[in-house]
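Below are two complexes that have subunit A in common, paired first with subunit B and then with subunit C.
This part shows the complex of A and B:
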């Protein structure tokens, strides 16, 4: 068996071990590779940073535990920035399993920045029906959320007192891993003209570049890399920044394996080897 | 803490699938499906049915909420084959309302606003080069997806260029997808090393 055939027949579990080592080693021995801030994340930061103290910001954390790896550090970073700027955050989620995560993100950021529930932020919790909720907030916030997550009427909460629609909010921030972002663009921005900043998973990020170009969104934070950039901009070290060494090493491993696999396939074909009809299948079974 | 040990055990159960299918993985999978279904049901009950139906009905005497309640219950008629016709009334109502809400928003935000951006004059300098590339990409990708004419001649050249733009877009998406999946793994390993084994600083 030639080396090329051996490479193409490699047990996938060896690749899993390589990736596991690529993740664990940089976490245990970080080298702190530099993180460059992209214009998209800088634009999101600048848009929030430009808001005057006391401005009301609606933050919708539309995600569940499956993608919290990317969006939870992003939520904490954005919230810490808002609290440092003394913005008043009205937080909510459109996902039932997002209630626990949203509340945890608020508590984590509030503890770090000394923010206080109801004085600096309000937690409205979950409400079902994407578009209905978005349109409802544009017309009558209290129609959608008569009380907050803890059962307190909105008029009794200083943060939400006098706020009943997007027009009383300086900005909408949506952190999402789903089509909820499309609807925020369509309704909050398109219909009610609310300034909108978006944070999303890395998989989704390329889908939203056109909206940046058309200025339908003011900034875009994509995936763990975007969250790490945001953490750098607010000068904190969170889970996203801590994970970027591992991210870089695993990308290197994946790129080398892709190149190695292609070279081996090319060599095996040139040598006229019988690849059994599934040269790549042996790597991906 | 006990919850950290449970979470670590379940994480390792799921990771064990990478070696091969086994009872530990299946246990974690079934436990997840069951607990997630129960959790979602409880959240929907407390956050949807109680505040939107029960409270307005019992405290305010608001009988209007019986209409959406009835429409919702009619949807459940699909469970029985003879009740499928009843469910269609609810579905028809939902489709009609949803279309009325969604179509104008979609047209405005995703068609007209994007068309207006594509038709803007190109700015001077490097931004102009970017805008030109976006415009060429738009036209050639549209050419690729226009199947009413054979991909020959000028139309064929445009369609072939469009394929290259699509390949670049797919490559960028694939790179981002790898990053997203690795992020999920990093998060779990961070949990195991920090919260469970205390090998990383908090």
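This part shows the complex of A and C:
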């Protein structure tokens, strides 16, 4: 068996081991690769940074634990920025399993920046019905959330007192890993003209570039890379910056594997080897 | 028999569409009421979903069908977590909060993290330059994979610029075209449903 043939029929467990090493090693021994800030994340940061102290900001953390690696550090970074700027955050989620993560993100950021529940931020928790809730907040916040996550009426909470619709909020920030973002753009921005900043997973980010260029969203934070850029902008080292070393190495390993596989295929074909179609095409071996 | 659901669909669809464009406070009051109704419908859907989940797994359990222990775990979890939530609350520090943080959250993250291994293996096996189009896709994918992470600028200072161009020009053009197509398709489908032309949501006759 030639080397090309051996490469093409490599056991997938070797690939798994390479990926595992690529993830684990940088986390155990951080390299601290430099993070360059892209214009989209800079725009998101600038939009939030420009808000005057005391402004009300609605933050919807619409994700569940499956994508928390990307969106949880992003939530903490954005919240820390808001608390540093003394913005008053009204936080919520449209996912039932997002309540635990949202509450954890709020507590983590509040602890780091010395923010206080109900004075600096309010946690409304979960409400079902994507579009209905978004339209409802545009008309009557208390119709959707009469009480916060802990059962306190909104009028008894300093952060939410006097706030009943988007027009009393300086900005809406949506951090999501689903189509919830589309609806926030359609309803909060499109219908009620709320200034909107979006954060999403890396694979979703390109879907929202058109809205950025049309100014329907003011900034876009995409995936762990975007979260790492945001952490750099607020001068902190969080999970996203630590995770970027691992992500970089794994991307490099996958790219090298793909190149190696193609070189081996080319060499094997030149040598006139019968590949039989299976080793090169099977994804499950 | 189908006239009733078709009439309800037509009236509610036409009313909600019209209310979108009427800013008068009375129209918006009606709109708010309709939104409240929708929330109630959502709540009932949650109950219906729970009942459906219970029936499906209870059937498997009774018949000792393949994988019945998983059904047992599902049912015990459904009842146990619901009861704990009602009894002790759902905030951080509550039993449900602790279960969420120590079981649900790591399990869901782990399942998603496995994708990295599967995708790496699949990319190695399937990403092959077999044609001009496949070669273009392959080169673009490698440039994006390397150029979008922190290591990219260290390999070549031009990589981030190339990835930005790929995202801002060809990607944006294609995304805009798709968005316009999807938007027109959604309007067309909504109109067909409101006017009763599209009736598949009613089920088979």
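Keep this in mind: the second predicted complex is superposed on the first by the 280 of 285 C-alpha atoms of A that agree within 3 Å, B and C clash if a C-alpha of one lies under 4 Å from a C-alpha of the other, contacts with A are read in each partner's own complex, and residues count from 1 in each chain.
The rule is simple: contacts are C-beta pairs under 8 Å (C-beta built on N, C-alpha and C of every residue); 3 or more make two chains touch, one makes a residue touch a chain.
Quick caveat, the model's predicted, so the values are computed rather than measured.
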{"item": "Touched partner set for A:150, first subunit B, second subunit C, both or neither", "value": "second"}
{"item": "Subunit B versus subunit C as contact partner of A:86, first or second or both or neither", "value": "neither"}
{"item": "First (subunit B), second (subunit C), both or neither touched by A:203", "value": "first"}
{"item": "Partner chain(s) touched by A:142 [first = subunit B, second = subunit C, both, neither]", "value": "neither"}
{"item": "Which of subunit B and subunit C A:185 touches, first, second, both or neither", "value": "first"}
{"item": "Greater subunit A contact set [subunit C / subunit B]", "value": "C"}
{"item": "Touched partner set for A:243, first subunit B, second subunit C, both or neither", "value": "first"}
{"item": "Subunit A residues contacted in one complex by subunit B, in the other by subunit C", "value": "16, 19-20, 23, 66-69, 97, 99, 127-128, 132, 135, 191, 202, 206, 210, 213, 225, 247, 250-251, 254"}
{"item": "Contacting residues of subunit A [partner subunit C, same complex]", "value": "10, 12, 15-16, 18-20, 23, 33-36, 38, 64-69, 97, 99-101, 103-104, 107, 127-129, 132, 135-136, 139-140, 143-144, 149-150, 191, 202, 206-207, 209-210, 213, 225, 228, 244-245, 247-255, 257-259, 261-262, 265-266, 279-283, 285"}
{"item": "Subunit B residues touching subunit A - in the complex, by the definition given at the top", "value": "18-19, 36, 39-40, 43-44, 47-48, 51, 98, 101-102, 105-106, 108-110, 113-114, 116-117, 134, 169, 172-173, 176-180, 182-190, 193, 199-200"}
{"item": "Touch list for subunit A against partner subunit B, complex", "value": "13, 16, 19-20, 23-24, 27-28, 66-70, 96-97, 99, 125-128, 131-132, 135, 146-147, 182-183, 185-187, 189-191, 201-203, 205-206, 210, 213-216, 222-225, 239, 242-243, 246-247, 250-251, 254"}
{"item": "Subunit C residues within the subunit A interface of the complex", "value": "20, 28, 31-32, 35-36, 38-39, 42-43, 46, 90-92, 97, 100-101, 104-109, 111-113, 116-117, 119-129, 138, 141-142, 145-146, 148-154, 160, 164, 167-168, 171-172, 175-176, 179"}
